[in-house]
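As written, the chain order gives the labels A, B, C, D, E, F and G, with residue 1 at the start of each chain.
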Amino acid sequence: MTDAIIIIFSSLGALFILLAAVGVLRMPDLYLRISVTTKAATLGIGLVLIGCAVYFNDLSITTRVSAIIIFLLLTAPVGAHMIGRASYFTGIKLWNKSFYDDLKGKYREDHCLKSFEEGEPDDSIEGSVRNK
Amino acid sequence: MLLAILSGFILAILLPLLKNILRGGLFILLSALPLSLFVYFLSWLPEVKAGGDLLFSYQWVPSANVNLSFQLDGLAMLFCLLITGIGSLVFIYTSSYLKGHPYLGRFYGYLSMFMASMLGLVLSDNLLLIFIFWELTSISSFFLIGFNNDSEASRKSALLALSITGIGGLFLLVGFVLLNQAGGHYSFTALLNSSPDLASHPMYGWILFFLFIGAFTKSAQFPFHFWLPGAMKAPTPVSTYLHSATMVKAGIYLLARFTPVLGETVWWNGTLTLVGGVTMLYAVIHALFRIDLKGILAYSTISALGLIVFLLGIGTPESLLAATVFILVHALYKATLFLVTGIIDHETGTRDVTRLAGLNKVMLPVGIAAFMAALSNAGIPPTFGFLGKDLIYDATLRSGSLFVLLTGAAVVTNICLLFTGFKAGISPFVGPLPQEFKQVHLPSPLMWIPPLLLASCGIVFGLFPFLIEGSLLVPAVSSLLSTAPDFHLQLWHGFNIILLLSTITIGSGIFLFYYLQSSESKLAWVSRFEPFSPKSVLVGMAKGFALFSAAWTNLWQNGKLRHYVFTIMAFLTVLLAVRFLQGIRLNLNLQSLSDLAFYDVAVLLIMATSILFAVFTKSRLQALASVGVMGFCICLIFLFYSAPDLAMTQFSIDTLTVILFVLVLQKLPGYIKEESKAIMWRDGILAFCFGTLICILALEVLQEPLHREISKYYAENAYTMAKGKNVVNVILVDFRGFDTMVEITVLAIAALGVSGLLRLSTRKPENK
Amino acid sequence: MEILLSFITGFLYASGIYLMLRRSLVKMILGLILLGNGANMLIFLLGRMVKGEPPIIPDAAKTLAGIYADPVPQALILTAIVISFGLQAFAIILMERAYKFVQTDDLDQMNSTEEDI
Amino acid sequence: MIRTKFLNNLLLSFIWLALTGSFNLGNFFFGFLLGYVIIWIMSETRWANMYLQRGFLIISFIFYFLYELVKANLQVAYDVITPKFYMKPGIIRVPLTAKSDLEITLLANLISLTPGTLSLDVSDDRKVLYVHAMYVKDKESFIESIKNGFEKRLLEILR
Amino acid sequence: MRSLIFRTAAGYLLPILLLFSVFILLRGHYLPGGGFVGGLIASIAFVLHSIANGIENTKKIFKFHPRILMPMGLCLSLFSGLSPLLVNKPFMTGLWFKEPFPVIGMVGSALFFDIGVYLVVIGVVLTIIFTILESI
Amino acid sequence: MNVHDYLYYVILPVLILSVLLIFIRFLKGPSLSDRVVSLDLLITTGIGIIAVYSIITDQPTFLDIALILALIAFLGTVAFAFFIEKIKK
Amino acid sequence: MNPLYIVLPVAFQLFTAVVLLFFWNKTNLQRGLSVAASITALALAAWLMAAVLQDGILVMQAGAWEAQFGISFVADAFSSTMVLLTSLAGLAVSIFSTSGIRSARVQLGFYPVFHLLLMGLNGAFLTGDIFNLYVWFEIIIIASFVLITLGGAKDQLEGSVKYVTMNLLASAIFLTAIAILYGLTGSLNMADLSIQVANIENRGLVNITALLFLVGFGIKSAIFPLYFWLPASYHTPPATISAIFGGLLTKVGVYAMIRVFTLIFIPDEFMLNLLIWIGGLSILSGGAGALLQNNIRRVFSYLIICHIGYMIAGLGLYTEVALVGAIFYLIHDIVVKTNLFLISGLIYKIKGSYNMKLLGGIYSSFPLLALMFAISFFSLIGIPPLSGFWAKLFLIEGSLDTGQYMVIAFITLGSFITLFVMAKMWLEIVWKKEGALPDKQSSTAYLAMPYAKRFALVFPIVLLSGALLFIGFGAEFILAVAKQIAAELKDPSAYLGAVLKRGTI
């Protein structure tokens, strides 16, 4: 029984990781790569780790495994955000088939991020309230 | 005895303290030291004459075979009396000559130090002790020549003299050590007994070579003579004392001393005769054209030294006697002439013979002294010089098959020496007194009495040779000979060939004195040959060495770091390769190695690629990221091969390093353009060779038997004795905790350094 | 595995040396880092490698028995890694300072101390 | 404030227990002590209130999240393994209802954690979240799906 | 850095990482870990915090300059090494309490030594990183 | 086929393959950010490899390394992001 | 002395550094503490030396783990002599620094790092474990890195880039050598290695390992052709720091080389010839470089290389007599080089320049200082009976014994160049009238200093000159020590017996 669980979890996990790997290789722009990979990998690793916890079936190891997963869940998105944001500053272009770029021109010189452009309708919640 | 020798040093050390007490004219009191030493040595005369074995030995550095052992024999006694006797007079003379000089205290210090060194030198029985004092005389001479420290010429002459005598000293040291190897002793008396073996020793030639260089440099023999005229930049008392009467005779002393030990061989005699002969002729001819009194005296001193070496080289009992006597003769008249020159210089302000004349009218006692000295120099009876000259001719005539040649050389030399003696001792005092010197007056008796005394000695000893013959000369000569000498000094030998030669010498000399007028133009003519002189040759060699030094230094130390790294690595690689080829047993046994797993291969592949990438990428950041990948791969290898602690540490440290780099890199520019392809290939080949060697080495070591006693011990005791289960950690904090202690200290220092460096950023960079 | 790892170790040494021979200060320090890693790998390799048996005494046991990796090289490498971190940190900062003061990354131009003054 | 600190301290003790894996009183007290020290060291505590009692909401949220996660993963997987790209990517400005640091951060992270979307940044006035998305059929409906999906559920838990 | 998300996350990571670092430190004698890695993790926690919140805010957490941790740690290590001299045993000899302590296990001079290492490492890394961050 | 074999002959190769693919992206770049992203992913995948390896060798100790990796990889990414942002300034 | 206490020279320096670190900003307190600690350290070292001379080799096993398993600390005649010299030089520099190092530099951590450097030196001398030696070397180099960059003027940084690089390279090579040694023997204890290495059949590997040690230590001891970092950097930091560098740092490399090549790797023919040539060419290169320089500290730097050559050549001769010469030279060189760099510092304080062309006038205004300088200058030249002479004598004897006449030629050349260079320096800075100094105020600044400050500058020089005179005139005592050291080195059975606790080896 545990063997089956382990095999299932690890297989799924490995699959997701492989997906992430293929994704990072295939995707046409940086943001898409970040997008695809961070979470596919996180999910994949999580699954493999769960398989690991099942295998050892030991409380201290399970806590350790959960700690790893928590760390990953905590750090992976933040890391993705950091690198994505920094890349945008440095002018790394979106894929040429991208449809929207709402961020364009929103960063000031001092990296201060505006919520809307001058002259553009402010559709944030308070903005919409105010407009009404 | 020890106190007698050391008293000079003690005085030299005390002088800085005494300086304030002695301020003013009281420096003359210092002459009491040499004077009392003179008396002290005189008091030993009877015992020396009796041939007593006067050995004084004190322990000092037995481990190096250096003991303070002194031997007072005839030769030593002769020199001791010269040193202390002339020393006393020079001390007295100086007190007036340098009266009021701010550095008079230092001057006396150097003088007493010199005197003590000289005494030590001639009294030592131990070769190394001789060497020690030998070097001390060079040093004192250095200080005295450079006494007028503000004058560049003085400084240069001091440096030149020290260099020449210094290199001679080094040769002498090697010679002494060789002598010890060959003879088995540093003690001179012990060596004396093994002398027959020495001459047949395979190193005999080398011993002579080193000894001769030492002696020739010190005694200003051709081609090392040229430092001596420069040394005349020193105040005249120094020239008198060191460079005519005593120090330059140290080399002579050494040769004389070693005659019984090493002499009586063709090499010994031939070299000395040749070098001495060349020196005496070469120098004396130079002396003819000088116009500076001191220059004349300097060259004639060299010539006289050459003459003594020449006599020592002939090596017959007669010639040794002649040499001994001439040492004394020369010391007496040359010291006088120097002191007189000093007075002239002091009173008239010039030493130019073309300008000096008629000084008899203003300083008669000085003139008398000079006249007597010149007579002795000329060898005119009844001076002591006449005796000396007789003995010289006697020696050359009996010198064997080459006697005609040797005698001829001696005659020519003596003729010219006579000329120089007259030039220095007579011509300034005769003739009309020029207007400019009308105001000149006789100096203090402290200055003219010493030369007068010395010159009178020259006459007295000539008239009454028995005064010194038995007590001084016989013991001195007997220390040079294995057999007891049999001679009797007297002025009148009857009409013989020697008298004829003397007459010829005197006559030609006086003739020369009348017809050869020194002048600037003649001096200039002579100086055209300067480029061929030994000095120019040696200076040229020195310049050549300086050029070589510059080329050599720039070859290695060219300011480029990568050149240095290349040299170091090339050196290591070549040596390693040589060692490899010299015999390493290559036996690669693949069976003993573990198998490959696919993940190993993958990790290593990634690692290799990332290293390549790091090396060849054009961007620093990409290189850095590649290094990060490499670190990660290493971490995985550590993991696969059972090193979890390592994997953890490697990874965390690597990340930290990358972060540091990243934080710093933002300030740096891009890579500069690389150099030529050729250099890259060169470096690449070197790196490849080194890497290959390391690789082969590693594989080879893996074939060696495995020793694991230590790790087994750790594995067994980690828990039972050190109470830990992670053996690596137990090693870190317990078995080898000392390492860790130091390691964290390294970290702490690094942190201090980093913060120190960065806290400077508040200060302005010092840009040009 | 040992064969491949010795290749890699040799390769680390070679690339470290090659980078140290470049003109750029940054490359030089990267070279030093590679060289340090090479030395560590060499210790690891020559201490003989064992797969999957870390030198940790199991819960029940009191001594390590059977096959286990040699802990000594591991301790040595650990010490070496930490030390080289300290040294590298210093070198990196020094590099930055040198750049700031000399205004170049080119080692060939950092030779004013060797011009005779 | 003191209560929050105490709760935090308790939480840290439990994390400690979980990490060490040995549940006994001594260990708990030690963990508590450690937690206390850490909180004392940090003069300024940043973590906000955690309302553990809202367990149900949390559990339902976790399931919702997992569902979204798997669904989105599959969608991306399909796109990745098939040769042709079906995606319509773009950066979308999503107005925020979430106010506090924690709310915004959690929301942004959750968005990032699902495949196909990535929170790029929050505007400095905290009004807008910029999201990079792979499948933007229509800007309005995308914004709507986030506001009514993650944000709404998250705020239910947190407020 | 001007990132709300990062700042918030770093705030939460700090205590967790610190706790984790102590955990790694104490278990080092039995399992992988120890003062060195523990110290690194603790310092990473502070580094993250300082990158996110700015160096000044991180410094406020400390009541003192982190540099002081270095001599403190060195002192601890040195004295745990020297203490055996008092009972006439060589430098660095392990001295142990007879009974194991709850949770931590056996306590001996090696533990204090490791704590010393831990403190030094924190002091070192923070001194280095803080000065760099301050200078840029 | 038991669990060990399955993990060793199926899962581990898949993970290794992923690592190789990610590494190709690392080499290709083109931007620094791409490399940082692939480095991050490389390390994350490494955590998976460690988990599998710890099962294969029956050494749960290795999971501790995975923990460290999870923590520290993040720091690297943050630092690079910090750097990328700074040079832009 | 209880052998347990031989760790004290190390532990005490660390303790001092820790205490100093607590008083980070109190510069005057740091100065006082440093001097007091240095005096204590000297007393400790003298005590250690006396104990070793009286009781023979003392061994302490760290952690009470027996030899080969734990780290051995060994005080034999050689190591205790080196510790004593380190403490002596340390005291001199410490006193000098109270006036020679400005408060700004003190606040950058001069004193703690200085004492940690001394700790590293003592550790390197006392340890009996090869890896532990590596670790001590690292302490030494990192501390020297910090000191050489301290205060970070531009040329200091440029020089230290080279210094740092080449020292790190040396460390990597050293570590490589240790890796191979451990791979071959599985041991790190030097006494144990001595036995193990002798038993290795594959001599080729042993020879190669020896070569790596040679180059690793060779870079640190600045021998030909590995010395380049030295002339590039030693003249850049404040003179106080150069003094400790010039006196001790290269010597620790020489110490390690002598230790390793007498205890672990007994050199074969090839190695001996290599050492002799390296020694000779070091003499030539150092001498040639020294001839060209005008900066007095660069002259001293090149002379360091030149004189290291004597010691290496002495090691290459490998007879007891030659080793006596090398050891004696080592002892003399530590004192004299420290003193020369201190002198250069004093001159700089007085005149504000290191340039011989500009300097001068010491003879007329500071005659007693000139006397002090003379002692060091002439000791360096080896004017008998000053200290340099005795070593040279034994080296010449040693080379004649072995028929290595090449060494004599090199020694003669080196001695002559030293003589010439030092005499020239004497002419330039003592006798000559001073030239147009760039910074005229500094010469009056010295006279304006309070008496205590001037005393702090002059006293260490007097102290070391006294030591030099003692080495020269008390050569019997030094020679006895050197002979004991050489005997222990040539026949390490006493060392092995003491460390491995085996009666007979």
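As a convention for this text, a contact is a pair of C-beta atoms (placed from the backbone, for glycine too) under 8 Å apart; a residue touches a chain by one contact, two chains touch by 3 or more.
In UniProt terms the chains read A = Monovalent cation/H(+) antiporter subunit G; B = Monovalent cation/H+ antiporter subunit A; C = Na+/H+ antiporter subunit C; D = Na+/H+ antiporter subunit E; E = Na+/H+ antiporter subunit B; F = Cation:proton antiporter; G = Proton-conducting transporter membrane subunit.
Being a predicted model, the structure only gives us computed values, none of them experimental.
The minimal number of chain-to-chain contact steps leading from chain A to chain B is 2. Contact with both chain D (Na+/H+ antiporter subunit E) and chain F (Cation:proton antiporter) is made by A, E. Steps from chain A to chain G, minimised over paths through touching chains, total 2. Compare each chain's C-alpha centroid with the centroid of every protein C-alpha atom shown, and the nearest one belongs to G. Among the remaining chains, D is positioned farthest from chain B, on the basis of C-alpha centroids. The interface holding more C-beta pairs in contact, when C-F is weighed against A-E, is A-E. Work out the mean CA point of chain B and of chain C (Na+/H+ antiporter subunit C), and you get 49 Å between them.
Computed centre separation for the pair chain B/chain E (Na+/H+ antiporter subunit B) is 61 angstrom, with centres defined by C-alpha atoms. Computed centre separation for the pair chain A/chain C (Na+/H+ antiporter subunit C) is 34 angstrom, with centres defined by C-alpha atoms.
For the pair chain A and chain F (Cation:proton antiporter), the distance between mean C-alpha positions equals 15 Å.
Contact of a single residue of chain D (Na+/H+ antiporter subunit E) with at least two other chains is seen at positions 19-20, 22, 108-109, 119, 121-122, 124.
Within chain G, residues 14, 62-63, 131, 135, 138, 142, 145-146, 149, 152, 154, 161-162, 165, 169, 176, 180, 183, 186, 188, 231-232, 292 each touch two or more of the remaining chains.
Contact of a single residue of chain C (Na+/H+ antiporter subunit C) with at least two other chains is seen at positions 13, 20, 28, 38, 40, 42, 45-46, 48, 51-54, 56, 72, 78-79, 82-83, 86-87, 89-90, 93-95, 97, 101, 107, 110-111, 114. Of all possible chain pairs, those that touch are A-D, A-E, A-F, B-C, B-E, B-F, B-G, C-E, C-F, C-G, D-E, E-F, E-G.
Interface residues of chain G facing chain B in the complex, by the touch rule stated above, are 14, 62-63, 65, 68-71, 108-109, 112-113, 116, 119-120, 123, 131-132, 135-136, 138-139, 142-143, 145-146, 149-154, 161-162, 165-166, 169, 173, 176, 180, 183-188, 196, 200, 202-205, 207-208, 211-212, 215, 219, 225-226, 228-229, 231-232, 270, 274, 284-285, 287-289, 291-292, 363-364, 367-368, 371, 378, 381, 383-385, 389-390, 392-394, 396-397, 400-401, 408, 412, 415-416, 419-420, 423-424, 427, 430-433, 475-476, 479-480, 483. Interface residues of chain F (Cation:proton antiporter), counted against chain A in their complex, comprise 2-3, 6-7, 10-11, 14-15, 17-19, 21-22, 24-25, 31, 33-34, 36-38, 40-41, 44-45, 47-48, 51-52, 54-55, 60, 63-64, 66-67, 70-71, 73-74, 77-78, 80-82, 84-85, 87-89. Residues 28-37, 40-41, 44, 47, 67, 70-71, 73-74, 77-78, 81, 91-92, 94, 96, 106, 108, 110, 113-114, 116-117, 120-121, 123-125, 127-129, 131-136 of chain E (Na+/H+ antiporter subunit B) are the ones touching chain B in the complex.
Those residues of chain A that touch chain E (Na+/H+ antiporter subunit B) in the shared complex are 67, 74-75, 78, 81-82, 85, 111-113. Every residue of chain E (Na+/H+ antiporter subunit B) that touches chain C (Na+/H+ antiporter subunit C) in the complex is listed here, in rising order: 30-32, 36, 124, 128, 132.
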